[in-house]
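The structure's right below; bear with me while I get my questions together.
Order of writing sets the labels: A, B, C, D, E and F. Residues in every chain begin at 1.
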Amino acid sequence: MLTHFSETELTYDGSQLASHFAYRGFGLLGDSVVAFLGPCEVKLEALVDLEDVRRNAPIYSQRMLHFLWESFALDLRGAAAFQRLMVAVVAEELRARGAAGLIRRGDDLYVGERKLSVSIAAASPVSTLIHLGLNVTGEGAPVPALGLADLGVDAAAFAKICLERFREEYEGVLKAGYKVRPVD
Amino acid sequence: MLTHFSETELTYDGSQLASHFAYRGFGLLGDSVVAFLGPCEVKLEALVDLEDVRRNAPIYSQRMLHFLWESFALDLRGAAAFQRLMVAVVAEELRARGAAGLIRRGDDLYVGERKLSVSIAAASPVSTLIHLGLNVTGEGAPVPALGLADLGVDAAAFAKICLERFREEYEGVLKAGYKVRPVD
Amino acid sequence: MLTHFSETELTYDGSQLASHFAYRGFGLLGDSVVAFLGPCEVKLEALVDLEDVRRNAPIYSQRMLHFLWESFALDLRGAAAFQRLMVAVVAEELRARGAAGLIRRGDDLYVGERKLSVSIAAASPVSTLIHLGLNVTGEGAPVPALGLADLGVDAAAFAKICLERFREEYEGVLKAGYKVRPVD
Amino acid sequence: MLTHFSETELTYDGSQLASHFAYRGFGLLGDSVVAFLGPCEVKLEALVDLEDVRRNAPIYSQRMLHFLWESFALDLRGAAAFQRLMVAVVAEELRARGAAGLIRRGDDLYVGERKLSVSIAAASPVSTLIHLGLNVTGEGAPVPALGLADLGVDAAAFAKICLERFREEYEGVLKAGYKVRPVD
Amino acid sequence: MLTHFSETELTYDGSQLASHFAYRGFGLLGDSVVAFLGPCEVKLEALVDLEDVRRNAPIYSQRMLHFLWESFALDLRGAAAFQRLMVAVVAEELRARGAAGLIRRGDDLYVGERKLSVSIAAASPVSTLIHLGLNVTGEGAPVPALGLADLGVDAAAFAKICLERFREEYEGVLKAGYKVRPVD
Amino acid sequence: MLTHFSETELTYDGSQLASHFAYRGFGLLGDSVVAFLGPCEVKLEALVDLEDVRRNAPIYSQRMLHFLWESFALDLRGAAAFQRLMVAVVAEELRARGAAGLIRRGDDLYVGERKLSVSIAAASPVSTLIHLGLNVTGEGAPVPALGLADLGVDAAAFAKICLERFREEYEGVLKAGYKVRPVD
């Protein structure tokens, strides 16, 4: 799995959740995860989570650490399992940096009732994709929220840690499939 | 996902890692996770993890809490991702019960350098399977180990908590695939 | 498989043959079949059956009982087999209500040379879909046709019977995959 | 789909439910359905339907018309759907020959409470398989049964009719996948 | 695999690389390969090879022999392997007609540094597709090129030879899957 | 794709055509191709090509250059396409070394009527496999044969060339799937 941290900031508006984002933007060919900082503003018509559409809940955050993951090897269900694993990894790393009271509920991360993350897994015709966004600041969010800054965590440094962890987990998942004898 | 806690104890010897274990033994038809208590003794010839075979490392534990999970919906890579999620869930629940110093490394759980768990994901021709074993006691293990008892956790009660958590996570993963618009 | 009979009438124009129709419209999450009454009017550009496109044969019926089925478990070939089974089920239930001379030809149902049904199976990027429409009346159709009313069958009551039968057949198909030992 | 009626009689003992039966025995390469006459005697250890195993219900019939179907294109769920369609086809053809009171329950065919058929769908590592057996006589069966002879139907002639119908249905299912535009 | 040589010339502009091209245009239902002569002009926005997009390299040739292949049985990786095999087949047939100095580099064919071909494999939601274009003349191409005419090969006659060879190779690939025992 | 040339000679008896051969024997984890020299002696009961079984044609060669390829990414049809590409690659490299009169027929390589190679593609439950054997000498073969030595080609040196070519082709096939926009 190729990883890249983009020094250039980008607004995540949902259009990035499409096949080959990492190749088009950064030349990464194959399974990849890219991180960048920037606002998050997904309008109703760009939402892919139909639960959000039904609740009429567009997504907004002033500033987030975004991860865009793409796999040509996992199907949508595998991607949804990996998505939750990514959220668990973020919690592990935040805990290791002193964050207290972190709770993972499915693919969301909370400190108490304040939301830290947004996330979605989706399928393109040729790959599966995950967007995971972590608030840098919770200000201005449509729900009670907090951010990495509130936890005293530097977003850019944390991005690089997480990219490496996601790569290890992903390669571990693939490796698991390479070393196990078929059973009856 | 159907769940079942078997009051009858069983020795896990690797033969349980086969399709339809839950149906043959307990009548559970379809995706399922079953828990039981008992020794763990997987001889070399029953090992499915070829890494263990290459290291000539049979598996032994005096007493474990065993989980056997089967899915007819996830492929091997999805199962390997879910396996790590299961281990993360166990860590979350142990932490909520006061355990300190828990570290997940891939699909293994440690307290410091003492190993708490064994785990494998495999594919049968019709399904995918996960075995996750948590030591009840670390005594007699071939590597430095500890068990749920050392953490002050009652294995049977903990089994039921975990079964429910695994069910929720699994159904959440399936649901994720039911509500997301395809992307380009 | 979730089932729903919509009391609200709808015109089937082909746009309903898309992923998540049942979730968007009725909140049904996962495998589902929905029934509703209303006209059928599929213009040339909305046809998905390219055989119809090549014959320049738009679809029209004054009033139909519509079934929209979606599966996240069957592929397109499985859906096409299930589609024919659904048509066979409709024939069985009509016969049980006294209809004579029913003939199934592939995925079409006839009484003599008069056509009772239209049907298509298709694949979205995330699921497979079936539309099955049964004429309530054969008047105004572009080909010799008859309807449920001509057979003395109440469409709404029949809808509920069929929804239940489709659910049973679908769950039976899934169950068949859960209880069979792999062979060589 | 290649079809073949074997003039040689064979005892069906479950070993025929394996990949390439038609190629090994009759040189049919690819998707195929083969018919033959002979006893049916599947001992407990050869049963692939674990529901039968759990009920301790070996299968026996003095004489049956057997169909063995193999597809390299349908998965197990598609095969299970096709299996029910095959049973519906048999019912259609028996009805066309004057049989009254036929009832299909899932993949079984009855006249009243007397059973006419046995059937199973299974997956080999490279294909899917269906065995469908129709009693020629119901005498000696372990459950109330009747046979084609009781319905005044000649088994060999009926075999050839059914082979042709199964071929048409199968090719229709494949064709359905070749002519339909993908939807959203 | 159905084959067809279109006597009508067509400009290949990339829009032909879509599911059911052979059925829409020529009534070929199922796996197929179609050949036609005509210019090749794929503008930037119609390019599906994102490597070409990144290099800003639209495709142009005054006159080409085009092959459009579609399979409902191979996935994208299988199609990419078959694409290279098709290019190797073209080289074999040109060599048999006296061409010297032919070099295949991946899915491209060269004589020295002059390019003879363009090619792409892609996936639609229901099938996989290959376009293979062989220059009839190398004049006017954006890179050093040569054509079949330069090799003294008649394009229309060569088309028919290649169609037959592609059909044989494709059916051989399918056959390979029908006759091989599963291994452990 | 990992590659390895084994300095140790081995007899190919068919048992090597099984999942994880490269991992068990050489520690290669994942997609791989391994080469070794040694006799080839596949008895009837070890044959996986049922066409050979039907012809009662065990395989024998005094000494061969063997390639064993395993992929966790291609399905059986993709492997069968890649197998023919491998044979075409061998022909290309032999031609580049001065061999004349080489003819590829499907997955076999001939010089005139003398056979140079044996080959099979197969599926394990977790991967696909290819064995390609090139005679070092044609002496003692059950059919008219010739070997690399007759062509003046050193088998060990040639092995390393081919391993590298197979790796390039395989990675090119995967890359093709990573850079192509989905089409309609």
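The rule is short, and it goes like this: contacts are C-beta pairs under 8 Å (C-beta built on N, C-alpha and C of every residue); 3 or more make two chains touch, one makes a residue touch a chain.
These numbers come from a predicted model, not from an experiment.
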item: Superposition rotation for chain C onto chain F, Cα-based, multiple of 5°; value: 180
item: Length of the line joining the C-alpha centres of chain B and chain C, rounded to whole Å; value: 42
item: Rounded Å distance between chain A and chain F, as computed from the means of their C-alpha atoms; value: 42
item: Residues of chain A whose C-beta touches two or more other chains; value: 19-20, 23, 50, 73, 76, 123-126, 174, 177, 179-182, 184
item: Category of the chain touch graph - line, ring, star, complete, other; value: other
item: Chains touching one another, given as label pairs in label order; value: A-B, A-C, A-E, A-F, B-C, B-D, B-F, C-D, C-E, D-E, D-F, E-F
item: Chain C residues within the chain B interface of the complex; value: 19-20, 23, 29-30, 72-73, 124-126, 174-175, 177-182
item: Partner chain B, residues of chain A touching it in the complex; value: 17-19, 47-51, 73-78, 80-85, 88, 92, 104, 106-107, 120-125, 129, 168-169, 172-174, 176-177, 179-184
item: Sites on chain E touched by chain C in the complex; value: 20, 23-24, 27, 125-126, 182
item: In the complex with chain C, residue positions of chain A that touch it; value: 50, 53-54, 76, 123-125, 184
